[in-house]
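Here the chain labels run A, B, C and D in written order, and each chain numbers its own residues starting at 1.
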Amino acid sequence: MTTRIPVAVLGATGAVGQRFVQLLQNHPLFEIVALTASDRSEGKRYAEAARWVTDGDIPAELRDRMLLATDAGAVQRAAPETRFVFSALPNESAQEAEPAFARAGMTVFSNASVYRMASDVPLVIPEVNAGHLALLRHQRAARGWTGGIVCNTNCTVSGPAMSLRPLHDRFGVKRVFCVSMQAISGAGYPGVPSLDITDNVLPFIKGEEEKVGAETRKLLGALGEDRIQDADIAVSAHCNRVQVIDGHMVTMSVELETAATPEQAAQAMRDYACADVAGLPSAPEHAIIVHDALDRPQPRRDRMNGGGMSTSVGRMRREELFGERGIKYMTLAHNTIRGAAGGSLLNAETLLRMLW
Amino acid sequence: MTTRIPVAVLGATGAVGQRFVQLLQNHPLFEIVALTASDRSEGKRYAEAARWVTDGDIPAELRDRMLLATDAGAVQRAAPETRFVFSALPNESAQEAEPAFARAGMTVFSNASVYRMASDVPLVIPEVNAGHLALLRHQRAARGWTGGIVCNTNCTVSGPAMSLRPLHDRFGVKRVFCVSMQAISGAGYPGVPSLDITDNVLPFIKGEEEKVGAETRKLLGALGEDRIQDADIAVSAHCNRVQVIDGHMVTMSVELETAATPEQAAQAMRDYACADVAGLPSAPEHAIIVHDALDRPQPRRDRMNGGGMSTSVGRMRREELFGERGIKYMTLAHNTIRGAAGGSLLNAETLLRMLW
Amino acid sequence: MTTRIPVAVLGATGAVGQRFVQLLQNHPLFEIVALTASDRSEGKRYAEAARWVTDGDIPAELRDRMLLATDAGAVQRAAPETRFVFSALPNESAQEAEPAFARAGMTVFSNASVYRMASDVPLVIPEVNAGHLALLRHQRAARGWTGGIVCNTNCTVSGPAMSLRPLHDRFGVKRVFCVSMQAISGAGYPGVPSLDITDNVLPFIKGEEEKVGAETRKLLGALGEDRIQDADIAVSAHCNRVQVIDGHMVTMSVELETAATPEQAAQAMRDYACADVAGLPSAPEHAIIVHDALDRPQPRRDRMNGGGMSTSVGRMRREELFGERGIKYMTLAHNTIRGAAGGSLLNAETLLRMLW
Amino acid sequence: MTTRIPVAVLGATGAVGQRFVQLLQNHPLFEIVALTASDRSEGKRYAEAARWVTDGDIPAELRDRMLLATDAGAVQRAAPETRFVFSALPNESAQEAEPAFARAGMTVFSNASVYRMASDVPLVIPEVNAGHLALLRHQRAARGWTGGIVCNTNCTVSGPAMSLRPLHDRFGVKRVFCVSMQAISGAGYPGVPSLDITDNVLPFIKGEEEKVGAETRKLLGALGEDRIQDADIAVSAHCNRVQVIDGHMVTMSVELETAATPEQAAQAMRDYACADVAGLPSAPEHAIIVHDALDRPQPRRDRMNGGGMSTSVGRMRREELFGERGIKYMTLAHNTIRGAAGGSLLNAETLLRMLW
């Protein structure tokens, strides 16, 4: 208890910031010592500034916590012991703020997309590529930082990338056609107007399709001296918004390098275990859950599997257009837990274990 | 006016039957002379037996029409002048009833799937393959019928097939990866329980994925002496249910036989015109509407284009996984109008023009 | 045709502004000669500035119309012939702009609430109180205007007030307990965030409950020399938001002054006819439609009755807590047609008839 | 552990049956020893017969449990130690089955409505009227049973009745106008078709409005020798279905016997504590939670308060139509937990404490 790591949450009033706060309640390794918000909310009490849109209530012990500006100096003055920083900042603010915190000696676990593709920044899903965290050493040296930046992926990528890891290891992955049906919480709050999504589907999400390919290749890539060597996987994505609160569904049509039956593919996923995260507080018992029922996974019924941290896979079958090297299936991952705040937490827990 | 064709609607109390009744109101070519229902409802008034689930009210002039049994003899006795029959029967009843009506001299326009793949039965979207109606002559001869059976496609197939017609004509279509987000009305009434679809996506629709490939190949196939020669197109489908009232969205990743830019593909669709249906009452002004706005088509906002009979296409762009022969886009078609009752009506109107 | 009245739409880019534009397409009496928007959009083409959220497409003939500032002078310079002005302005802009247009000689039909309760401004639903339009004469004299302001009611009030008119005429209305279930379109666009309303009900709409009582009393009041004498009716309201696109449902528990059976109350509503609007383009055939089916009215199935201008009433039964003077029922009215743009149009048509 | 009471769940495959199974997992006082279903499912494994519609997965240890027929003899033969029986039976089966179990010595905690109004059957919400359980003694004597039947209320009644208890105790309750917005899960599975409720409200729920009044009066009534003396409270209800998964909202306009301010009414609810249930496993910490936020309670955000067992109250304000004796507010209760399975569990726990 006395050894909990002091952490700050940047952008604590928004939807992802609230998830951080929720997931950090009673966390065995981390303890919130600072919450930041935009200048407009600086100096207000948390309960006053945050329109709480997450299920349940705002944690009682943080209701009256005074909000700091999102500024490294301000956090250092108010809570000099802060070591880890969880960032729920939008790209505009993340661009300047995150390096400033890193320069000041804090390790930033970021949900923004702005540094994800930087060559010296690890983009990490621990069960997929915990080893990439080693890039931090190079990042610090190259940038002269005492802290650093670790990114987690776009929320749409997390399910597909997790499901591809065991396939890529055993059979090699060559091409992927994927189509997403994404939850409204992925757009934050207030986000998607109800007049746009009721009795409707939105067939476009700005910038999303490009990220799916680029991030998947980096996640499954190989760690080099000073950068990640992207995996040689071609990815095509159609991204859509549907009326679901939480949980991104993604259909996958995958061409492997070598032949595999759907049963072998499912077994590879079932067998998949990641020693790097075993036993960590935010790690689910099963990184991947393979469903047998024909009509699963479903967002409402399966998104909370593994506390929202498991990726659900279902409908595993032959992709006939790729012959004996083709499989197709559906993935589901909770976009604001696994694909956002929970992902950052697990990144931090994994790094902590490596450091000790 | 005096020459309107007398028609019957089989299975008039269900969701598709109601659409037939609605679309046949004030139809310039057809006049309802008989409505049939299951034995349970025989002899009841239409307004009494039909739980009206369609927008607007049950047509006043049909409220008191007495329901007949779904039996060719019963229809002939009650309305011997009946020539065309619109069938909204489920497969179980269609299997015996539709041939019986055909044998009795009536031409059946069917929404059931049971005879769609029969070699001598035309499966028709008039703008795609009106010429296949000529197969009726062989059907009559071979089966000794004076009437016949004409099928329309699965509601999920209609948008994709329509969009592929001009592409196949100009560039050749080789492979298609498609993923559907289908409306709840596609499952009929009562159909999908609200507890299953609220805040949810259902990733499985029984028998649907197989139909998408088979029907697309037949629709785009070539008319032979006594059968259709299937088009040589490989199709992969993932079919999903989302919470939308009407309108099936389908993402399309298409590999062409020859190179084409997205602009050329869009132009081919814009240019597409079908002389066979021009001016028919149920034919939309534009068979295909190509949207420029990045976030269209959308089910609620675009499904009623062309009175529910146009196919909307949008987000035309390069499918990079197929290089210069690849395009990808989204289609939307109204599943209970274009994909069901309206499709049958247009089939009937097209045949009528050919006969005269 | 040559005699169509030239009209302007103020705030044409928003949700209600779009409805005005939609309903004015091919209107037999009015012709749009000017569209205004906020300063930010001035000088832009309509199609460029308006994010079209209404069903169907933006009218082709207005796509390239250049937007004017919402300024009486600007409209007079660009379209000096403008006589009627339909205002979809929010209260902040309406407060100054509407009087300016009135001063400049134009008659403003307003959807804003800011002048509804002003003593010399008629608040009108023509079938309820067309006679109140006579207050315009006093308004002009008192304010020295050559034009004027006519308000329509809050969208929640229109159904209840319409249903109370025949009851008040025949039996007298003493007390009303009403509870609304209001559509999301009532909050405009972007309006209600989807994260707030999916799988949810919002039990509070700012300022709404107060308006229900005050506006009902004014609508059913008596025209005096220079003001309306409010009706002596006590009204209590609970206002809620539910996930429905269009159509406000309101439950009504009514205490009458004299005894009436539910059948008599229903008959009073069925008999109700308003000569003032008979035959006007936007007037529905039936101001009130009384449903017999136990489970009607329903928003999706009944909101478009009478082109969205009829009020639907159903579930008429005894309110036992008021004994033989009590009835209870449900009302439904389309909030963006009858309760907003369509209501203003009918006000303008009614005034036009009175003037001629 | 060794002293857990052996219990059976009747009708275990339906929606309420599944909730029983879910809530009984790891229950400290009860242990499932038998699951029953309709004849059709008898002899099947639970996982095979139950289409699991509840969140999360079917409990692993019950997947393979063999289903018994819903027959007292069958349960006694298979699990003779069964003492308590939780019944999720529909009325048709409950009518004969529940007395049979009671006759055979088991105490039935029933969700059916069929025996709720029987004069010798306690209808209980423990925090409202735990004392009524004493009626069981008379019931046993009069009917010659060694077991008995205890009913819980209609799911719509639970929130209102709970909120009225402290008001009735302090101020007296005279009249109540209430309007419900009920969740779809209240209709069971498959229940409400999605085509009926999407973008819609259903203004009618069969038999519901009558129950609200009758059950409220019995719940708040006084225990007599051999029956409950109904409370003298007049109740009017309008019942509606809205598209919410779980959680019934009810607006309340209450006329008290004596004057009270909204603050006094809220304080009476906040102060309310029920010694009869304090510390029981299913009892929430607060029977009633009074919200200060203007826009609460909301179903999705508040239904799980107190593990789904607390009643949320909000928007407490003056009901002006009743002057200084009037208050109005909103209640929310989880219909399948507090209003169904959880309510029965708490009834059983309360009885158990009384017996010991």
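The criterion applied here is as follows: a residue touches a chain if its C-beta (ideal position, glycine included) is under 8 Å from a C-beta of that chain, and two chains touch if they have at least 3 such contacts.
Quantities reported herein were computed from a predicted structural model and do not represent experimental measurements.
Listing every chain that touches chain A and chain D alike gives B, C.
In terms of the stated touch criterion, the partners common to chain C and chain D are A, B, listed by label.
Each of B-C and B-D has its own count of C-beta contacts, and the greater count is at B-D. The geometric centre of chain A is 42 Å away from that of chain B, both derived from CA atoms. Chain B and chain D have Cα centroids lying 47 Å from one another.
Centroids of chain B and chain C (each the mean of its C-alpha atoms) stand 40 Å apart.
Contact of a single residue of chain D with at least two other chains is seen at positions 198-199, 243, 245, 300-301. Interface residues of chain D facing chain C in the complex, by the touch rule stated above, are 175, 177, 179, 181, 198-204, 234-236, 238, 240, 242-245, 249, 251, 253, 294-301, 314-315, 319-321, 328, 330.
Note for the complex: chain C touches chain B at residues 55-56, 198-199, 245, 300-301, 304.
Those residues of chain D whose C-beta lies close enough to touch chain B in the complex are 15, 53, 184-185, 189-199, 243, 245.
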